[in-house]
Amino acid sequence: MTIDFSVVFPFWHILLKGLGLTIAITLTCAVLGSLAGFVISLLRNVRNPLIRLPISLYVEFFRGTPLLIQLFWVFFCFPVVFGLTLSPYVSVMLALILYMAAITSETFRGALKSIASEQHDACTALGLTPRVKVLFVIFPQALLRATPPLLSNVVSLFKESALISSVGIADLMFIGQNISNSTARPVEFLTAVAVIYFLVAFPLTRLVGVVESRMLRRYAY
Amino acid sequence: MNTPRLVAAQPQSAHTSSTVSGGDFIQLRGVCKSYGEQLVVMDNLTLDMRADDRLVIIGPSGSGKSSLLRVLMGLEGIQGGTISFQGKPYIAGGKGCGKPLDESLRNQIGMVFQHYTLFPHLSVLGNLILAPTKVHGLSKAEATEKARAYLARLGLESKLHAYPSQLSGGQKQRVAIARALMLEPKLMLFDEVTSALDPEMVIEVQNVMMQLAEQKMAMIIVTHDMHFARHIATRVVFCANGKVVEQGPPEQIFTQPKEARTREFLEKVLHLD
Amino acid sequence: MNYQFDFHFLTGSFGALWDGLKVTLELALVSNLIGLVLGFGLCLMTLSRWFFIRWPAQLFIEFFRCTPALLQIVWFFYCVPMLFNVFIDPVAMGFLALGLNLAAFNSEAYRAGVQAVPREHLDASIALGLRSWQRTFYVVLPQALRSALPVLMTNGIGSLQQSALVAIVAVSDLMYVGKSLATEAYRPLETYTLIALIYFALSLPIAQLVQYIERRQEAAATR
């Protein structure tokens, strides 16, 4: 059996299209998921158990079940439960957003907790109102500290997005598998797809490290 | 020698020294505070302070020294007793959470902490003008001018736009003091502000506190530095087990303590002098 | 919502579900074993003085961490038989793919644990005259493992979730059985809900345990 990577080249623009869809979906769900995650992390600090407990349950559930089942559930059960027909793209994005929101809410929670308690004391000593304190002291610092892990979450989402191929969305993974099946050359094509994912994820991961050391050192300590 | 004023002039009291433990600037009566069932940090504590006093509180760890400052600042509550400030009721134990009843009184107290609590995401200027502009309605220009003036008197004007991560420990503490002074407090609380500093930086912070002392700022200081305590205090208060064991002028406490407990403590702390 | 819930059809399928669950648990346990042991080995390699040991290990880790787990599984299933002309039992392939993936993430967790040991402890142990291997064994390792534990456990739970991916390559784990059931009986709602609840029931106790351990470590550190 011969391995010949030149068979990949005629297909490079199709693979690129798949990558484009993957990136588009990743970015959309990352942004919406992070916003939702931020709101959720705030809600988890609310005193009223009627709000706090369901939210906590939601977060634990989405962190404690496979993304695949979440995807399938939204894709197949949502229309049944809510009587709406969603386009396949909306379905998978909804699942990814719900997942991302749960993950990022934990990230924000960690960031909020990492702000030293003495900062709260300083705010009280200066007579800052709760509104001023949250808006000008807590929120900016939480955002700063949450940024590196948040970027990590986005890179994770990029990788997890490959799951949407299982419900037929034409992302990079789906296209790669498709071509490898039709040409019966899984080694070349699957490896090529792996390399493409790697070439996107690896630099971003390194970037997270740089952001962490440069930015945090200047503004967070 | 004309020391630049850091604070507005305080009204002079009729008594020139505070050997008498009277005073109506602050009055603590029977204050009780405990953490849970076991840890009692203030046990029927009674203490007076005059408007021109500089109290230095000394004592073994866990004797409630920091708790006293934190209670006055409204960071923690008391379970029993009363505290009055400037003749008005300030904190009443048992009622509600034992915290300050009057925000406007609380705003006249400033506090500096042991671990530099400058906001790291704001520049020095940002730190100084945050409270005056957002809470007390000063315009940004006014607040900036004021901040610049304070920093100039502390010799830190060049650091106006620097970030806390770029400052040394001593510089951070001095900025923290300036930040509290921006609100023109009537009383300053210092909670072991030099304990976390390298020795060569301790002196620059203590100099600032001496400047404030010369301008008759009322202060309550908790410190381990007995040398400094002797220098700056008008009255030294020795607390142990949540009670005031002994108080008096520094010369008296440090050379001729009356109580055995005080003697015991000072022997341990001063024997290296 | 006009839907007649009908959980009855599930009662007949308990056997199949139980078999699927067994496979899932097998996958989770074996991949964790591989991941913990191999991950530790990889960590040691990345900390080695020799470039030729460090570099391949680093490459391996980066590759497994920067590509989708699904892709890794699919790659194993389709490419390994082709490349090496071997036929391995699908479940064993699953062990391998999931195990190697977990090993890469765990090696990072171990490394973070080792680097979290304060420099002062190393200095103190040198000052006490401990030899190199004694320092590693008695001082560094216990502390490194203690701080790495919560992350290792969280990664382990992640591996349980990822085991569901083998359903895509038709390995009869819980997910695959559920999918077949759902399609056969036209009842995705009950089936997928049940499957999700089972995974949740498996992960939740461990996640709570991790939180408990983290809280205790935090409390010990602040003393």
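When the chains are written out, they are named A, B and C in that same order, and each has its own residue count from 1.
We take it that a contact is a pair of C-beta atoms (placed from the backbone, for glycine too) under 8 Å apart; a residue touches a chain by one contact, two chains touch by 3 or more.
Model, not experiment: these values are computed from the prediction.
Novice: Which chains contact both chain A and chain B?
Specialist: none
Novice: For the chain pair with the highest number of C-beta contact pairs, give its two chain identifiers.
Specialist: More C-beta pairs are in contact between A-C than between any other chains.
Novice: Sort the other chains by how far their Cα centres are from that of chain A and give me the top one.
Specialist: Ranked by distance of C-alpha centres from chain A, the top chain is B.
Novice: Which one chain sits nearest the middle, judging by mean Cα positions?
Specialist: A
Novice: Measuring centre to centre with CA averages, how many angstrom lie between chain A and chain B?
Specialist: Each chain's C-alpha centroid was found; their separation is 47 Å.
Novice: What whole-Å value do you get for the distance between chain A and chain C if each is reduced to the mean of its CA atoms?
Specialist: 19
Novice: When the centre of a chain is set as the mean of its C-alpha atoms, what distance in Å lies between chain B and chain C?
Specialist: Each chain reduced to its C-alpha mean, chain B and chain C end up 53 Å apart.
Novice: Scan chain A for residues touching two or more other chains and write them down.
Specialist: In chain A, no residue touches at least two other chains, as defined above.
Novice: Under the touch definition given earlier, write down the residues of chain B that touch chain A in their complex.
Specialist: 70, 73-75, 103, 106-107, 110-111, 113, 115, 117-122, 130-131, 134-135, 163-165, 179-180, 183
Novice: Spell out the residues on chain A that touch chain B in their complex, using ranges where they run on.
Specialist: Against chain B, chain A makes touches at 116, 118-119, 121-122, 124-129, 132, 136-137, 140-141, 144, 217-221.
Novice: Show which residues of chain C lie in contact with chain A when the two form their complex.
Specialist: Against chain A, the touching part of chain C is residues 1-3, 62-63, 65-72, 74-75, 78-79, 82-83, 85, 157, 160-165, 167-168, 175, 178-179, 182, 188-189, 192-193, 195-196, 199-200, 203-204, 207.
Novice: Touching chain C in the complex: which residues of chain A?
Specialist: 1, 3, 60-61, 63-70, 72-73, 76-77, 80-83, 155, 159-163, 165-166, 173, 176-177, 180, 186-187, 190-191, 193-194, 197-198, 201-202, 205
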